[in-house]
Amino acid sequence: MSEFILEAKGLVKRFGRVVALDSADFELKAGEILAVIGDNGAGKSTLIKSLSGAMIPDEGEVLLNGERVMFSSPMAARAAGIETVYQNLALSPALSIADNMFMGREIRKQGFMGRVFRTLDKKTMDKLARDKLSELGLMTIQNIRQPVETLSGGQRQGVAVARAAAFGSRVVILDEPTAALGVKESRKVLDLILGLRERGLPVVLISHNMPHVFEVADRIHIHRLGRRAALINPGDYSMSDAVAIMTGAMTAHAVAA
Amino acid sequence: MSKTESSTQGYEGGLSAGSADVAQFAPERRTIVKSIQHALHVNPALIPLFILSLSVAGFGIILGDRFFSPFSLTLILQQVAIVGVVAAAQTLVILTKGIDLSVGAIMVLSSVVMGQFTFRYGFPPELAILCGFAVGALCGLINGVLVAVVKLPPFIVTLGMWQIVLASNFLYSRNETIRSQDIQADAPLLQFFGQSLRFGGAVLTFGVIAMVILVAVLTYVLNNTAWGRHVYAVGDDADAAQLAGVRVKRTLISVYVLSGLICALAGWVLIGRIGSVSPTAGQFTNIESITAVVIGGISLFGGRGSILGALFGALIVGVFGLGLRLMGTDPQWTYLMIGVLIIAAVALDQWIRRVST
Amino acid sequence: QDNVLACLITKTDTNPFFVKMKEGAEAKAEELGVELRSYAGRIDGDHESQVQAIESCIADNADGILITASDTSSIVSSVQQARDAGILVIALDTPLDPVDAADATFATDNFLAGELIGQWAAATLGAEAENARIAFLNLTPSQPTVDVLRNQGFMSGFGIDLADPNVIGDESDPRIVGHDVTNGNEEGGRTAMENLLQQDPTINVVHTINEPAAAGAYEALRAVGRENDVLIVSVDGGCPGVQNVIDGVIGATSQQYPLQMAALGIEAIANYAADGTLPEPTEGKDFFDTGVQLVTDAPVDGVPSIDTTEGMELCWG
Amino acid sequence: MSKTESSTQGYEGGLSAGSADVAQFAPERRTIVKSIQHALHVNPALIPLFILSLSVAGFGIILGDRFFSPFSLTLILQQVAIVGVVAAAQTLVILTKGIDLSVGAIMVLSSVVMGQFTFRYGFPPELAILCGFAVGALCGLINGVLVAVVKLPPFIVTLGMWQIVLASNFLYSRNETIRSQDIQADAPLLQFFGQSLRFGGAVLTFGVIAMVILVAVLTYVLNNTAWGRHVYAVGDDADAAQLAGVRVKRTLISVYVLSGLICALAGWVLIGRIGSVSPTAGQFTNIESITAVVIGGISLFGGRGSILGALFGALIVGVFGLGLRLMGTDPQWTYLMIGVLIIAAVALDQWIRRVST
Amino acid sequence: MSEFILEAKGLVKRFGRVVALDSADFELKAGEILAVIGDNGAGKSTLIKSLSGAMIPDEGEVLLNGERVMFSSPMAARAAGIETVYQNLALSPALSIADNMFMGREIRKQGFMGRVFRTLDKKTMDKLARDKLSELGLMTIQNIRQPVETLSGGQRQGVAVARAAAFGSRVVILDEPTAALGVKESRKVLDLILGLRERGLPVVLISHNMPHVFEVADRIHIHRLGRRAALINPGDYSMSDAVAIMTGAMTAHAVAA
């Protein structure tokens, strides 16, 4: 129906006197990696939270495959196949890796115990979690039941990304997944993103790292002062141009689509 | 600059080889002490269990048969039944990083409702008991909505509710005590939990059995259902849980409502224990339930601990109480000891966490 | 035969009355070779601690329990358990509700104690008693028997219609300013007095449940400069209380004899342990009356009293 | 690749121009309501002051002269003096993200020490009073060391200390009450704070004056000395404060010791108020001080609020207490109202913060 | 006396079973910008905390101008002229910018009030804070008394860096000052660092951003598995080499110094 998998029109979000989103638009095509860049405080996180049900915009609409949707919670968005890795990770430190991977979509035992006593099927969940992690080749976790707080920053980031990659069936959104990561750890995450595209999954990547963005993105959404200032093709613009648009020094000649 | 097939950052060539080690781990040379520490760390309810065993053994040695008899040991169970039930409710709330200062008041109000609905309005006791549970759930619901939806701090919400519920209790009951004899004659169901099974000297009241079943069920639910995992996740980091897809508000409200229901159960057990329905009962239940929870190793910062720990905590207090009373010490020494125990238990817990990380 | 084991369970162990009672029991126990264990609640009204104490005594196979109950009706089922276990249970100072829930009661005639101070207050005011403004400083919200008996006794002595004599607060006499609870201690006495003074600053008669509460009430009156024109009456007759009568803090007090209650109680347990004899109540009453005398230096006609010199000789603590 | 004089990241050329705006602000169209909200937000003690004024006015209108007399209004001050002093101590601790459940117990123990050292050991009252302060400081020191050095949660430390101190108090005092008349005769200094100044109907006890001076001094110290700023910084984020160069342990310990000293002062004021020295006094001081602090808008999460707020909080409770009593309502209604007030005050606070950000 | 301003030898720091510093060395020359790079969890933050008094190493020694020092707290290090911006900022959100800038080194009023009542001289502190901030040209703060929590992430970072720059008399240490910053904000911080060197102050910069590091650093300390794997001149090695040393794929031919 629509050429866009995920689309937003005229999103507005205010926090008291601050207008974080000021009639923002957004479009994501099937199978592409769309980067979102912008200054600190430009409203990038607010934008993707509005897309993923983590926040409800004051105004505007969100469309999935051309149909209006209104996600009232991250659960609802996930049920629709949209997986998000938030800037602050959203892992529960005291719970295990497996618990975290299946948080909010736990698998119950089959048969009587599961139906009546709602018993969780821990074995299956552990197995699936282990499979997903090694399938993505992201790391070698010895003990899938160890608490997330015992992992290093890089490993945690890995779990969060793996969770999104494992369950995302339509869209995967990543908000600054490499901000605190080292060179090696960042590389792994970028490879993972490229791997997702290969599997045909569209990815939204928020990042302040221009080389990363220009390396992987198919298109770049430039956010400024709460709205989309431009939507560009990395092939048509230099990094320098992108930064200039981001800071308002330049306006894009033509905004794609 | 344009998009390239591979890395734009030339320096990443350096990544091609290299091991994956990050931090080093010291070689594993576990002494026995270390192994114990590790076991305690992995399963925190073992600490109170350990203290419990130690104190039972200690008093057993000092007091011999007087303490170590089936009668005395089951007496401890009877004495902690109410606190144990309430501590289960308290644990649920504390697991969500909350605290419930209104548990004692809800318990008493529920018991008064069960009694007064039977005797003042002539309801059949079954119905009156249901009404008591409804009142407990309602109080919990108010707490839950104020905490989850209005987003007020649980300490303050339940401090306020404590005063409100306790005052309502006195106003509604008109300070009337319903006498045990009358209950026995007209509505023995209210005293259900006071009945007991006897095996030799051992006396197990239905109240004790109720406590044990409650703890078992809650342990199961917390560990083996999605709801249980969500309770831990909400206490661990509510924002993270929300973003991960947990319905945080719903989980919080359900915890407070369940806490209210369990308090109502405690109210029913209370009638069984003291025989009568008395609006002045349970003045120390709040503090005792928190004491049990704290000694039971449940973190006040949420997300860590188990119902079983709270049960052990309550039992420890019960053991010390009875033991010291049988030794004939001034009761004030018991309170002093409990104070020391609270601090010592938490210090031990802290120490174990520190050493075994 | 083994040692005889007795338990003493008081409401608190801070009220001098109970401190004395404990000392009396210890002395008597020592004399008779009885072993004594004492327990107390944390505050007046702390019912749960008393229940636990009874249970400990059962676990201890005690021969007898002496108890001043905080919650006189709720305690009954625990007392029954003790009696079922073959333990003699004696109520001291405060009758259980119903009285026969205990094997015996050694107590002041609390209604009479109240009546004496009521009569004395009315007679002291004379004609002015018609226009008296009376404040009642009671014990705890659960209205234990002592509280009801003394309060209603005072009213009856003062000439107030009691309505239901088992309930405090159902009277309609316009001279009553109000009731408040004190928990039987100084702080409660002060706050309750202040509260009632606010409702009517012209209060001129104050009934207090016991002497600690009276001392608190006096401080409140002193703070507003009314300590000399208000009549305070009380119950207890402890040495500090009698001293307070001398000092003009309290107008009159009904003296009780806790040492005797304790001594009689221990004796009864010793006898029961020896040959199973049960103590007998006083003729015509459903409890053993340990006696009460009004202590005042301003005697009035028709109300028997002793002066403070004699009061000092008989006082305890 | 080698070091270059200017940026290696060519794309930074784009930075050369461009405005510095980040987020937008909606145009400023402040209504009166908004202005009030803003003022309240900037100065949080205004909220309790506002509630206080409103409730004084309300009861004044309903009750007229009975309430609005110098006598009644100063009576409120007398009734809140002790809670006000203790609430100041409580505020200090809560500002550091702690809580002190032992304040009431420390107060009573200090007063008992002042009394018993005079009457049991025959110390001159001046010295006995000093000893009382020393005991208060010692209790505070233990709390402080356990919190700051052993790093146990304040709630648990002071819960334990509460039991320990209270039991010590009963054990040490041998439950003896010292009579007001004896104190008046032999050591009137102990009753110093019971003396009063009278102006017409107004009665200002020295205890009230002490409370006011204490609040003024602490307000000054918190706002205008480095120590005061450090107290806020420690409560705001202890790790950050430590890294920024605040001696966190020392600050925490000093706060708990000061809290102990203030509680000792409260103990002295207490003797003035009830005349006698009674080990059973002050049973509700803990909860009352926390209530005052909460109604006074001091955040239980540390770092926000003022001593003045706590004073207003205590006064609000006092005004409602007296006002409702004068209206002749059952005292339980007062407790119910206070419960509602606690929740309402915090909800209001939350609302103002939300709207005015 | 010594050619190094700040030096450390054989530092060891353990956390339970994790060895975060494993006999680590460190050297900083006068007037230089020394970058410290390494994988996540390599021990970089632990190293600089040991230098700045925020942590006390289990073993090893720290030398300032060739003399052994033992800083028992951040205060002690600051008194010796070492200023640090920690990875997690160390600002008190509810306190004002001025309060934060002078935290731990408040200025008292002169004369009686200051001496006896220890009254703070707020006016002077406000003025100094405002001067420092504008002197560094870091930003235009309107109200020096506004709480730090009302600032954006970038502005907060700025306050922390300004505090260090303003008070550092001997050494300024910055732990990942640009991790969460946008392009524009990062640039400002880098310029500030260059400005410090111009003023003759040596700077230690921890960063995962290789281009940044190679742009500003005079020497690079490569940290690996809790110790210094190499100390290189950016002129002698490529970024790729540095990364290879960091991950253990290569060893440095010659370690400078």
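Each chain carries a letter (A, B, C, D and E) given by its place in the written order, and its residues are counted from 1.
Here is the rule we go by: a contact is a pair of C-beta atoms (placed from the backbone, for glycine too) under 8 Å apart; a residue touches a chain by one contact, two chains touch by 3 or more.
It should be emphasised that the depicted structure is a prediction, and the values quoted were computed from it without experimental measurement.
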Output for shared partners of subunit C and subunit D reads B
Measure off the straight-line distance from the CA centroid of subunit A to the CA centroid of subunit B, and report it in whole Å.
39
Can you check how far apart subunit B and subunit E are, centre to centre, with Cα atoms defining each centre and the answer in Å?
46
Chain centres from averaged Cα atoms put subunit A and subunit E apart, in whole Å, by 33
Residues touching two or more other chains, restricted to subunit D: which are they?
1, 9-12, 14-15, 18, 22-23, 170
Which residues of subunit E are in contact with two or more other chains?
39-42, 152, 154, 183-184, 210-211, 238-239, 243, 246-247
Which residues does subunit C have that touch at least 2 chains other than itself?
13, 43
Judged by the touch rule stated earlier, which pairs of chains are there in contact?
A-B, A-D, A-E, B-C, B-D, B-E, C-D, D-E
Can you check the complex and tell me which residues of subunit A touch subunit B?
54, 73-75, 78, 84, 86, 88-95, 99-100, 103-106, 108, 117-120, 122, 140, 152, 154, 183-184, 187, 190, 211-212, 214-215, 217, 234-235, 238-240
Residues of subunit D touching subunit E in the complex:
1-4, 7-9, 11-12, 14-15, 18, 20, 22-23, 220, 224-227, 229-230, 232-233, 236-237, 239-247, 303-304
Seen from subunit D, its contact residues with subunit C in the complex are 66, 71-72, 75, 78-79, 170, 173-177, 179-181, 194, 196, 203, 205, 273-276, 278-283, 322, 325-326, 328, 331
In their shared complex, subunit D is touched by residues of subunit A numbered 14-20, 22, 39-43, 210-211, 225-226, 238-250
Complex interface listing, subunit D residues touching subunit A:
9-19, 21-26, 354-357
